[in-house]
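First chain A sits with chain B, and in the next complex the same chain sits with chain C.
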Partner chain A sequence: MKPLPLYRHKDTVFHGLHPAIAATVVFSLLALILLLRHPVYLCLAGAGVWSLVVLADVARETGPHLRLGLFMALLVVMVNPLVNHRGEHVLVYGPHVPLLGKLDITLESLVYGSVSAFRLLLVMMVFGLASTAISPDGLLDILARISSRSSLSAAIAIRLYPSMVVEAREMKEVQLVRGERLQGGAWQRMRAHLPFLAALFQGLLDRAACIAESMSARGFGSGKATRRRTPFRARDPFFGVFSLAGVAVVVLMSVLGKGDYDYFPTLSNPLRGLEAWAVAALCGEFACLAIIGWSWKRWPWLRSRM
Partner chain B sequence: MRGRETGDTWARRALRSLLVALVPVLVFLGVLGVAPFSNWSLNSVMLALLVLASLFLRFEKGDYGSREVAVVGALAAAGAAGRVLFAALPGVQPATFVAVLSGFVLGEESGFLVGSLIALLSNLFLGHGPWTPWQMLAWGMSGVSGGALSRLLRGKIRMAPIAVLTTFWGFLFGWILNLWYWLSFIYPSSLASYVATCAASFWFDLMHAAGNLVFVLVLGRSVAVMLQRYRDRCRYHYMEETWVEAAEQLAAVEGSGGKEEMAPAGTAFEVMEHNAGRGLGDCR
Partner chain C sequence: MALVEIENVSYWYPRQEKPAIRDINLEIEEGEFVLLTGPTGCGKTTLMRLTNGLIPHFHGGRIRGRVRICGMEAPAATTRQLSRCVCMVFQNPEEQLVSTTVEKEVSFGLENAGLPETLIRKRVEEMMAGMGISRLRRSFIPELSAGEAQKVLLAAVLALHPRILVLDEPTSQLDPLSAEELLTVVRRVHEESGTTVIMSEHRLERCFHHATRVVHMERGEVVFDGTPAEAANWWGGRRSFLPPVSRMFACAGWKKIPLTVNEARRLLPDAGSACLRRWESCREVVAGDDGREVVAAARSLWHVYPAGIEALRGVDLRLEKGERMVVMGENGAGKSTLLRCLLGLLPPTRGKVCLFGLMPSEERLPGLASRLAYCPQNPNTYLVSPTVREELMRTMRLRGCQVAGAEATVREQLDAFGLGEMAERNPRDLSCGEKERLVLACALLPPVPELVILDEPTRGMDYPGKERVLEVLRGHGSEGCTVLAVTHDVEFAAALADRASILGGGMAVASGRAEEILGGSLFFSPQVNRLLDGFFPGVIREEEGIAILRRMREERGADAE
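== the complex of A and B ==
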């Protein structure tokens, strides 16, 4: 049982961003991936996501996300051709199955499934970046401005979690010293662990009561709460503006009906639906973010200014 | 604790109303096919986030005190720890069990918060993903359903209905989570494709349901009784009038000055009050 969250602070420009700005960057990437279905735009988004993952130095940490994403992507590739029989190029003629119809597998549905799987992988990478490079405490600070009580509950939960793990370990050691057999088959282990799970739960409720008493004693709810405010730094506007500009481009393309790709009945030419201005804008955005991140690492003067 | 602010400022009330009003607007624009809302993969996430935000803001509206805030946090920690503990077993997680029992004993709103915070907290350790808002919503709703069941049973702990509810939530949770996956990555969005998507996750859902059943049968009653005890412990109410009456009666019986001796200025006197309502009610 790991008592530590996935987030680790690192000396990178992404970790140094204000949590709200980092969340905006993540949101802009998600908007790009979810709103545009054209494979070329998705490849651009992939390059953007990967450059940010490298900038944040979390390529290894996002490994579990990537592995889970690969498994889910495999399901997408499998399910799509089974339920989607559109497309003119039939690769395999399948049997008739009730509810699903005739299981003909077409090239178009296979390509659609593969591109969807790639989108899912990108979404997983973006969430991997968010999990490992945005401080949860910073996000809770933002939540506290809107909903202070629920964010306080979340903060209490985050702080209680490691102490629960320590308490569980201690109780386990006490049980072992008393001669309890905690090893063996699943049923044996479950029976041995049950008394301590109940005791752990009771201890947790007692701790909650103690926390409540100390909160009351300190005047909880009797006035405005003091809050830690994370300051905005010079680097934040750059990332914020670039991200919002990216969102604007993506939304504009979606409103204009661009950014889509015709998979059915036959695959259309991938270069036909492309808009030069949109490609240039997205390339420019990701290049600027990458240059800022690279310079921040290699150029001490710029780093001191940002 | 008298005079505590509820935290429900006019700005929060306005924000809550705006969020609630935005839900049908987004659905309407999506149904009409107005870009970018016609893209249901993004639209459905925004809808889920709006619903979550408006329900979270309700927690500010209610007159919640330190005891509710602390116990919700503690239960969320318990559910999250249980989820991380059982992470090696696909689908088996006590989070649904904790959320349903929290809703059953503490009421719908607390159940919702416990359920949604379990998802938020455990994903700090297991990793956030596109599933996080849907998990928050699904576990939150399981907490609400626990509260609704408690109303039906008039607060009496009956393990059979609780077991049926948590087992059912094992499947429903998976079906809710499949929604976004189906809307975003499966084409066409038809009943057949949704059934195929749910069929792909059937074994995970079955494991989840079976795990929930085992948790309820093995731990359900003891955890519910513990929670009830905690709830009863919290049923205190600041009753100045009662104190004054009691002090007057005592003074009358003893004949002199007892009132001042027994009631120094500013002393809080808390008495147990039977709460006919739900959850921690108005006693805190």
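== the complex of A and C ==
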């Protein structure tokens, strides 16, 4: 049975961060990926995502996200040149298709599609990192201060997800043994799976009702509850300031149009639009992360100070 | 002062015409250990929900009569007030855990109670240390074993320092060791802090001796209320509800009925040696038939999960036609993995598996539907039809049986498993024990398959239900049906098995005749064996025990009276 790609506590500096700070770090990466279009910055963002994945020791856990991201990225790479015909360097002259026009494939649309695909892959990896390395209980505690009902719904959903996956897997196996033919064409499979889906969702509703009963038995929703605060440690301000500074720089560059890159009509010079200080700052930040991760394991003194 | 006062209470669930409990009168004093017994669906859970305010606060419905808990009128008290003095642990830990980590789960109730943060931290630490779950502090809850999860829940409710602890079949999902551990904690809490315990349980051998009072329910009414000793005598005509050791003495006609193995052994000493020789000479030894067809086999079977967990490490198993074999072992020992490998649902990492002479695989499974039946641990994964009757019809269809006469067959099967009245109900609305019975009814529909594989078939099942299942399985066994059962229920295993195997750490640590494997053990032996071990080694079945006790009673005459 494959382990589900969900949060499990590990002894790493990233897991040791306050959930709000860990979320800020992830958010800063997301801002970098979504606001800057320059391929060099995106490569640096990729290095940043990977260094955090290594720092949090979740390379294996984020495998499913990586696979899904690669699949989606491949789709983007294949589809984009077919629907985006801008660009001056035509690589392949295609036929004329009604509605879509002439299906010429240009170098620029191919590069643009590849960079967009890479971006999508990075976003998937960031979500993978967030779901496997940030404690949902910690995040829900923060959410509960804002809205306890939303926090409750999210808690039950998070709690039910692994149960649902396991039950769906077991249900499929049991029905196979009973003689249900679940193989075959897509239509046949869909028809065969329909009764189980209904039973699965009914089971989930029953389970949610049981969880609600258990919560009620433990006094949930019966007055003002105490919200335990996760204490901040010395490492938290360090990561928090770094991340917020990163977000500020990225937003500023985006506003000033510094992180842009022209893909059309022709690819512009990759060195144009690059800010040396920004590249150096990003490289420095990710190098810091790598050093912290390395020293966390090897220097107990530093670890105790953080 | 009575902590729980229930006066003339009847209760109807929403949209139900028939009351779930009727005219209940019950007073429970501080410090009592009350054991609630009765057949499945008799109203035990409803009564327990009443004692902690879930009825009417959570379930709604209509209530008549008066319920006072810790001096508060239950319908008027808030759930916060009630949850501070009475806490409940339900049957299935999977359906009660709210958080994703253990520490958070333990603090959940304390946070809801609005206690100061420093007190919450202190109580969480205290409970985790006391229950021995500190090492699990940050464990991912869906990955805990059933025993660990139930311990976490117990810690979570005990952290609230309740005056009343209500437990609804808390050990039904646990292996014998985990069940013993959990009950030891409950007893310790009861003895050391004077907490009142109200517990319902079908496996009475586990808890009968802990109780100070027994309340027996039938059809929504309390029909007996007294001490365990009085209960043992009162149950003369309802022997199904006695723990095995008491039942054997009752069936053998002894006047004094012991409640524990210890008490029972004190009645035996001199009689043992006197009739041992006669017993040995008349005992029937069934020789193995070496030439029988092999239905399923595993040779040096290994299975390693992608996370690197070695679930099976070189397991050998051979199941011959007509044999009834049980596999036991603690939670996580690899029992369910073994079944899945045998069925072809998991490929062996190393070694060989053979089912009906072929290597099993997912593709081959649908073709084996008429020869093979499988009852999974979780009946919800089996039951997908809208009604009980349709579930059986679906089984017939999947096995390729003739439609003509199917209705009659289904009706007969429903009656045989005591499900006749539930034919038009949704399987999901049945109790856990009833669902298990329905799954077995589907699996054992005639023509009975050649191989029946059962994963925890008696979960949540009462004694009469178990007896019915045993009767059916034994009957089919004599017709050549092979049975492989994975179970934690030692008494059921002993009553069913010809052969047994104990798994530990993914290895078959002991395999052989059931008498050898299930005899002479502290936790994996039935009560009859623990009673007669030393006098009559290898006796594991109640019928044999009753025969011996009857003979001893005849020999001792008036002494036994």
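Miscellaneous remarks
Heads up, the rule we're going with is that the second predicted complex is superposed on the first by the 231 of 306 C-alpha atoms of A that agree within 3 Å, B and C clash if a C-alpha of one lies under 4 Å from a C-alpha of the other, contacts with A are read in each partner's own complex, and residues count from 1 in each chain.
The definition used in the following text is that a residue touches a chain if its C-beta (ideal position, glycine included) is under 8 Å from a C-beta of that chain, and two chains touch if they have at least 3 such contacts.
Only a predicted model underlies this, so the values are computations on that prediction, with no experimental measurement involved.
Contacts of A:Gln183 after superposition: chain C is touched, whereas chain B is not reached. Applying the stated contact rule after C-alpha superposition, one finds that A:Arg229 touches chain C and leaves chain B untouched.
Of the two partner chains placed by superposition, only chain B is touched by A:Ser254; chain C is not.
Number of chain A residues touched is higher for B, counting chain B against chain C. Look at A:Pro95: by the touch rule set out above, it reaches neither chain B nor chain C.
Touch criterion met: A:Val174 reaches chain C, while chain B stays clear of it.
Using the contact criterion defined above for the overlaid structures, shared-chain residue A:Ser135 touches chain C, although it does not reach chain B. Contact with both chain B and chain C is seen for A:Gln202 once the two complexes are overlaid on the shared chain. Of the two partner chains, chain B and chain C are each touched by A:Ile211.
Residues common to the contacts of chain A with chain B and with chain C across the two structures: 1-2, 4, 6-7, 136, 155-156, 158, 198, 202, 207, 211-213, 215-216, 220-223.
Contact residues on chain A toward chain B in their complex (touch as defined above): 1-2, 4-7, 30-31, 34-35, 64-65, 68, 72, 75-76, 78-80, 82-84, 86, 99-101, 109, 112, 116-117, 119-120, 123-124, 127-128, 130-131, 136, 146-150, 152-158, 160-161, 164-165, 168, 190, 194, 197-198, 201-202, 204-205, 207-209, 211-213, 215-216, 220-223, 250-251, 254-255, 257, 263.
Against chain A, the residues of chain C that register as touching in their complex are 52, 54, 57-58, 78-80, 82-84, 87-88, 90, 92, 94-101, 104, 107-117, 120-121, 138-143, 156-157, 160, 305-307, 340, 343, 345, 362-363, 365-366, 368-370, 372, 374, 376, 378, 380-385, 395, 398-400, 428. By the touch criterion stated above, chain B contacts chain A in their complex at residues 1, 3-5, 7, 12, 15, 35-36, 39, 41-42, 45, 53, 56-57, 59-60, 64-67, 69-74, 76-78, 80-81, 84-85, 113, 117, 120-121, 123-130, 132, 181, 184-188, 190, 192-193, 195-197, 200, 218-219, 222-223, 226-227, 229-230, 233-234. In the complex of the two chains, the chain A residues touching chain C come out as 1-4, 6-9, 135-137, 155-156, 158-159, 162-163, 166-167, 170-171, 173-181, 183, 195-196, 198-199, 202-203, 206-207, 210-229.
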